[in-house]
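Working notes for the structure below.
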Amino acid sequence: MKISYFAKTREIIGRDYDIIHFPTDIRSINDVVKYLSAKGEPYSIAFANQDALRFALDNEMAKSDVSIENIQELAIFPPVTGG
Amino acid sequence: MKISYFAKTREIIGRDYDIIHFPTDIRSINDVVKYLSAKGEPYSIAFANQDALRFALDNEMAKSDVSIENIQELAIFPPVTGG
Amino acid sequence: MIRYISLQNCPFDPGEELCKFRSESIGAIASFTGLVRSENEIVALSIEHHPVMTQKTLEQLCDMVITRYHLLGVSITHRYELLKLGEPIVFVAAASVHRKAAMEAIVYMMDRLKTDIPLWKKEIFADGTSRWIEQKQSDVDRSFSW
Amino acid sequence: MIRYISLQNCPFDPGEELCKFRSESIGAIASFTGLVRSENEIVALSIEHHPVMTQKTLEQLCDMVITRYHLLGVSITHRYELLKLGEPIVFVAAASVHRKAAMEAIVYMMDRLKTDIPLWKKEIFADGTSRWIEQKQSDVDRSFSW
């Protein structure tokens, strides 16, 4: 699965994306965030404040409890500041 | 005193302005309107519905009960439709 | 402070008017353009105005809106005499630090223009006849609501 | 129906964008331009975006606002990458029969843009350092108020 990072999140992680094969018990966006945070830095720093993270599954905004089943790409980024 | 007309009022009166020397008992805009209306057409037609008239004394909007003392010009016109 | 007022009988380009605001303090510019649209099968619009009063009222409106909304710039352009279909009649713009002030300022300016400026519009038809436009009660109500 | 969307990394002229609406049915055009202003002693602004999502979200926003306000035209231009002081960041415009719809539409569009479009702004300073701009709670509150 492709995990893309944008803006401050991308800068902390240090790259645009990861390709990760998750264990089968990783089912929701929340599970992904916890799984990666448990790996330590830089994920633990980037994901320290989950309230300040937003997510998109295959280019659609999604809440953190949504399932990642059949999803190609999860994007993780801070609250937007466009306009 | 110069009495100027604009828009529909001007068209009904048939000219841009009149120069009129009013009797001394003509003191307010209301008095002017009544005095001119009493002369018959075209004034009686132009001023038939006084609710649909607006006034300006020396280029300042004024209510119909305002005095015309020391005024050079009274403008009479319909409600505006600018913008 | 940028402050443009133009009363003119020749066509103007709202795009050019919009570009007159140039300042590194400006974060927001809102604009409104009113145009002659094809309603009631009109072929043109004719606007009569009271030159002295109109100029004075526009200047007062600019001063008032600058103070009320702490603007960095304000612009009003208004046509008079004969206008063709599709031509801009009026353009107002407001520049400010943040977006709320500029947006509210153009709403306020248009509401005021509709009832405070001594201009009168007349619809011109294909057969040469014409008809004065009546003031809308909704415009009067909006103007009084401020 | 006129519908322009442009996401671009080169400067644009809001005046040119404003002139894209040409229709004899249009009686009102409202526009808003957001610009890079000199705040916090910045020398430039950098904007990152999610290309696919941004384009899609802008298209959805246009469709939504056209329906919601019965618009005759809508236009959104948004910059990304590096912007200099004074340059326009975003331009939105709405065309309608009467003024109320166009004016409300640009307020709505800007409120939505602030919270719905995957774009992130970063302030660039003279010494080469930079800082991501944080989302404003007031923008979130405004967005939820619709």
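Brief remarks on what is shown
Going in written order, the chains are labelled A, B, C and D, and every chain counts its residues from 1.
Basically, a residue touches a chain if its C-beta (ideal position, glycine included) is under 8 Å from a C-beta of that chain, and two chains touch if they have at least 3 such contacts.
Computed from a predicted model, the values in this text were never measured in an experiment.
Taking the mean Cα position of each chain as its centre, B sits at the greatest distance from chain D. Chain C and chain D have Cα centroids separated by 23 Å.
Taking the mean of the C-alpha atoms as each chain's centre, chain B and chain C sit 27 Å apart.
One inter-chain figure worth recording: chain A and chain B are separated by 74 Å, centre to centre, where each centre is the mean of the chain's CA atoms.
Measuring from the averaged C-alpha position of chain A to that of chain C gives a distance of 49 Å.
Across the assembly, chain A contributes no residue that touches 2 or more other chains.
Counting partner chains per residue, chain C has residues 34, 110 touching two or more of them. Chain pairs that touch one another are A-D, B-C, C-D.
On the side of chain D, the complex with chain A involves touching residues 34, 47-50, 52-54, 56, 78, 89-90, 110, 113-122, 132-136, 139-140. The residues of chain B lying in touch with chain C in their complex are 4, 6-8, 10, 56, 59, 75, 77-83.
Touching chain D in their complex are the following residues of chain C: 13-19, 22-39, 85-86, 97, 99, 102-103, 106-107, 110.
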